[in-house]
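The first chain written gets the first letter, and so on, giving A, B, C and D; residue counts start at 1 in each chain.
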Amino acid sequence: MDVAAIAKEIKREDMLQMYHYLRLTRALEDRVTALYRQGRIVGGVYTSHGMEAIAVGYASALERDDVIAPYHRDMGAFLIRGFTTGEILAQYLGKRTGPTKGKDGNVHMGDLRRGVFGFVSHLADNLPVAAGAALAFKMRGESRVVFTGTGDGGSSRGDFHEAMNFAAVRKLPVVFFCNNNQYAYSTPLRLQMAIPNVVDRAKAYGIPGEIVDGNDVAAVYLAAKRAIAIAREGKGPTFLEFKTMRMHGHSEHDPAKYVPRELLEDWKKKDPILKAERLLGELGYGEESYFQRVAERVKSEVEAGVEFAEQSPLPEGPEMLEGVFADGADSY
Amino acid sequence: MVTTAQITEEVSYLEAISQALDEEMARDERVFLMGEDIGTYGGAFKITEGFLQKYGEWRVLDTPLAESGFVGAAIGAAMMGLRPVVEMQFADFISCAFDQITEVAAKNHYRWGAAVPMVIRAPFGGGVHGGPFHSECPEGWFFHSPGLKLVAPSTPYDAKGLLKAAIRDPNPVIYFEHKFLYRRIKSALPKEDFIVPLGKADVKRVGNDISVITYGAMVHLALDAAQALTKEGIDLEVVDLRTLIPLDKETIYSSVRKTSKVILLHEDNKTGGIGAEIAALLAEDCFDCLDGPIVRIAPPDTPVPFSPPLEEFFLPKASDIVSAARKLAAY
Amino acid sequence: MDVAAIAKEIKREDMLQMYHYLRLTRALEDRVTALYRQGRIVGGVYTSHGMEAIAVGYASALERDDVIAPYHRDMGAFLIRGFTTGEILAQYLGKRTGPTKGKDGNVHMGDLRRGVFGFVSHLADNLPVAAGAALAFKMRGESRVVFTGTGDGGSSRGDFHEAMNFAAVRKLPVVFFCNNNQYAYSTPLRLQMAIPNVVDRAKAYGIPGEIVDGNDVAAVYLAAKRAIAIAREGKGPTFLEFKTMRMHGHSEHDPAKYVPRELLEDWKKKDPILKAERLLGELGYGEESYFQRVAERVKSEVEAGVEFAEQSPLPEGPEMLEGVFADGADSY
Amino acid sequence: MVTTAQITEEVSYLEAISQALDEEMARDERVFLMGEDIGTYGGAFKITEGFLQKYGEWRVLDTPLAESGFVGAAIGAAMMGLRPVVEMQFADFISCAFDQITEVAAKNHYRWGAAVPMVIRAPFGGGVHGGPFHSECPEGWFFHSPGLKLVAPSTPYDAKGLLKAAIRDPNPVIYFEHKFLYRRIKSALPKEDFIVPLGKADVKRVGNDISVITYGAMVHLALDAAQALTKEGIDLEVVDLRTLIPLDKETIYSSVRKTSKVILLHEDNKTGGIGAEIAALLAEDCFDCLDGPIVRIAPPDTPVPFSPPLEEFFLPKASDIVSAARKLAAY
């Protein structure tokens, strides 16, 4: 896609804001990784390093009352929905001030008031749930949309199939994506599926599919916009395959020796932040000094978060007894 | 039990369920139904007959054959403010949705604070020659899954009142309706709106000698046994749990404190069944008031067999209760 | 397909044998239905009425040491694998002489020694199991094949997805079929899937698919032969969609008022037995008098079965305690 | 426990599991492994490290991310004469294969006589800050599913011997291996082939006053508590169930007949846990020999919380056993 077209289709402020969130995601996750290496994080760390453009792109394309049921490398989506760096770091540190109050860890956070569903470890489990949220919107005649997805690995699960099929039959306003980062933990695509592209799965449901450069935030944003528009018009789900590469190990303890180094070298050149900076330059929206300013801004945002999280109290033991049952039901 | 003046004509257990759904759908437009063949066909057991015409295909949603998918969808819809009531065609197929129920619905509120107000209706139980895949009592699994509420009515009154309460509850509730009772028991119901609150057991027969603690179809077996034992002067108290989670310990304990002897009766397999939990609670909390061993009556640890003599052997019988009661009385 | 080609590709005796099994299936199931109406059957009855060509065709195309994991309207497969009418009727009557000794009912029978897996009610559950049997053959370098399938309804289940995908990735010698009889119980195709043909699902796995006239036993047989050959050559699974129509209710208690009468009238003309007779006539293999002789033969086979079953003893109550655990493991 | 002269160097619980797999694969070419990331990566916990190189990609099969699919495949392969050992990456994900395990594997032999000789390895349990989805103890569900055998070793010796026995058993066996123990306990093992037969509990500490009946990681907690209580003159007997199904009632009963007092201890949620069943068995079969209430120590009915203070509060502690034992001793 050429720069002129992008200039026409994406507002300057949106482009700049996406760049901000790319940098913020990177800075936050890098900081989490550093804390992990220092042994200060409780539990595992799964990052979106090198894949930040996906969540940043799609979450930017949604309206405020649309709903996100994120997958496990969608940090950008939380940030865009207003989860602060402090809250998120508190979550990683098991603090009471995290979105789950210490009940759950890392990316397993959600908040109905901000329209983000809590991630469920069991991969693809949130896809039927997302379809159900879309069903509610359709039944009530609201023009809201749900965005959800899974990894290449998660696309092998039965719930993926049941969700996509149900959404297709009822033409629900939901967009499914796949973050195809070439690996499920250590398992390469060839041991996961016998198709060249995950998007081929969409044919089983009769829904449109599209392959998108997952490292190009503008491409992600525009593809998401198109799919969201289709959904909002009542024309049903779309499946977007975001091609990308997992640049870190599966989680931060994993050196990922099973990934060929050349593959990583190749993809390093396609880093989403580099790409975005190139694009911003071409659009005339910003250059090196601007990028530096953003880098500094997000750095201080992250450091403020670290301070907040570290100063936050841990929960007290008996708090774990609370909340098994609800007294009343909010909704979004 | 029925304390109101306004009484309808006799209603079957099945009709009571149907009425509860109908009234809740009329009362609250957020309530809708999902499941296989519940629309045009009116459901495998015809509980939702006529609902499609009345409420339209978006409130009576025939789904693809995909239990995990539609239970998951119910969870999402519930979080968005709707009140889904999902039908398993047979309770046995709930295994296909097990992951969504135990990992998503049950843990959602605990993990991140979003309530999941939904009901799963599960037609369960044997005695209908359904064999291993159409007779199961799956409540034991969910009894051991924190975050779910479980209900299992034994009468039309409870069936109606508990379903309404389940629909109004802000949590995921599995409603076990016993297939054997559908058309076999009837009673008159109050005309006005009523609920049976979740978490309250009901003493279906007051007695002094032995407490039989049970639920579902077995309640009627216990009442039969109690009847048979009157001539021997053995006076059974029959406690119908009605709600399995949260368990009404108070009613259980006060019955056992009175009688000092207990029979735990259920149709679900014995090992790891709900009787085990109640025995454990009593053996810890009411140890001093027990005057005899805690007796469990439940099927052996096998699938539900198909052929009538096999299934008959499998299921608890009134005579099992009678002989256990005699032994306990003599203890 | 023209008659000359069929004459070349299907042996006369095979054609005649398939005709025999079509008639036997029909006669047996009609008898079961009659017994059901008389209240003499224990439990429900699901027939393959009007769809007999599918199981008869595919089971005839298999070798003796191939394995079948049938779906619930595959009576012909049991008969071809040597389940006698007596055994089968004993199963429906809950007798000790049935293949499950009264433990289970109706089509829920299987026998490892005859290479037929017991049907599991939970639809599509047997698909991963079938893939696993094929995995065993592949691992041991045996040239055996597994044949399995489900209905249009069953194709919506997650296990369908997981099985097909796994079989495709490992190129397992298994053939999957779908009996597309237009309905899952009362649910028409349009409420089950948003694709014109179930075979479109194959595209999600990268395996070849074919649409076959499920009422034409020769077509079923030849398609099955092709797919089996592919599997046997180590080239992996195939998906066959057999188009047909469920001519009875879902089970015999169901009047199926939700099915348009015209649809049934249309399909009645395509009855697989009629079709087979027409073909036999064209091939010069038989005519009316021959068909009559077969009809009489299968009738007496069925009546002998009824007698056997009725005279067989019911199991004794305590037998239900046996068999939860195995003492040793046979295999096929 | 180890009675042989030939002893290896100290082996961790994790290495014991690894050895069992390796030896069984070498001994019996029908044995093969399936699971996510068990090949190239050697498994999330590195139990099968090096196996791919040694046995090739058809005996160490990396699967797509599809628990129901590969458990189902294991069932089919088992029926065809192979001996699959399936790895759940975490026991928590077993919910995704629940239907295949309970409806297909467990009921197959009962329904139509085909044995399903397979093992599912399920790394379970908390204490590792895994949170609600990486710390579960799912054994309670399967304890209530006739047709399955369940195993949960507490030592390297049992881990190795039970896994070998499980692989050689003609039934579906779920092997619960406790993540917390993987690298935390070591012991010397016999050099020669040995098994620990399924169905036999083991008295890990002989004592006279109170029986603590437990399994898995909690065995070590019980031993710690026993140690602490010696100075108070309270003598705990620690019974390690090792096999959960079939349950070794004989060993349980004979311990309780000796001590007359019981603590049931497990890490799985309290309500409907295995402790409930044992309490019920004792309250029925050993009622007369009980000299005090049957005490259960188990986590409350919640998911496993993530944050360290919450998880610590959730998990049973040695001090819980100590105080329960004191009370019981004084009873």
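FYI, contacts are C-beta pairs under 8 Å (C-beta built on N, C-alpha and C of every residue); 3 or more make two chains touch, one makes a residue touch a chain.
Quick caveat: nothing in here was measured; it's all calculated off a predicted structure.
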Query = Computing the C-alpha centre of each chain, which chain sits at the greatest distance from subunit D?
reply = C
Ask   = Would you say A-B or B-C is joined by more C-beta pairs in contact?
value = A-B
Inquiry  = Based only on mean CA positions, could you tell me how far subunit A sits from subunit D in angstrom?
reply    = 37
Ask   = Hey, how far is the Cα centre of subunit A from the one of subunit B, in Å?
value = 41
Whole-Å gap separating subunit B and subunit D, where each centre is the average of the chain's CA atoms = 32
Ask   = Considering subunit C alone, which of its residues make contact with at least two other chains?
value = 100, 103-104, 108, 120-122, 156-159, 161-162, 165-166, 169, 191-193, 324
Remark   = Where subunit B touches two or more other chains simultaneously, the residues are 63-64, 66, 68-69, 92, 95-96, 99, 103, 110-111, 132-133, 146-147, 301-303
For the subunit B and subunit C complex, residues of the former touching the latter = 36-37, 39-41, 44, 62-69, 89, 92-93, 95-96, 129-134, 300-303, 305-314
Subunit D contact footprint on subunit B (complex, rising order) = 92, 95-96, 98-99, 102-103, 106-107, 110-111, 132-133, 140-141, 143-147, 245, 247, 264, 268-269, 271-277, 279-280, 282-285, 287-288, 290, 292-296, 301-303
Complex contacts: residues of subunit B adjacent to subunit A = 32, 58-59, 61, 63-64, 66, 68-82, 84, 99-100, 103-104, 108-117, 146-147, 149, 170-171
Query = For subunit C, which residues are in contact with subunit A within the complex?
reply = 156-162, 165-166, 168-169, 171, 190-196, 200-207, 236
Task = Provide the residue numbers of subunit A that touch subunit B in the complex, in ascending order.
result = 67, 69, 99-100, 103-104, 108-112, 117-118, 120-122, 125-139, 146, 158-159, 161-163, 165-166, 169-170, 323-332
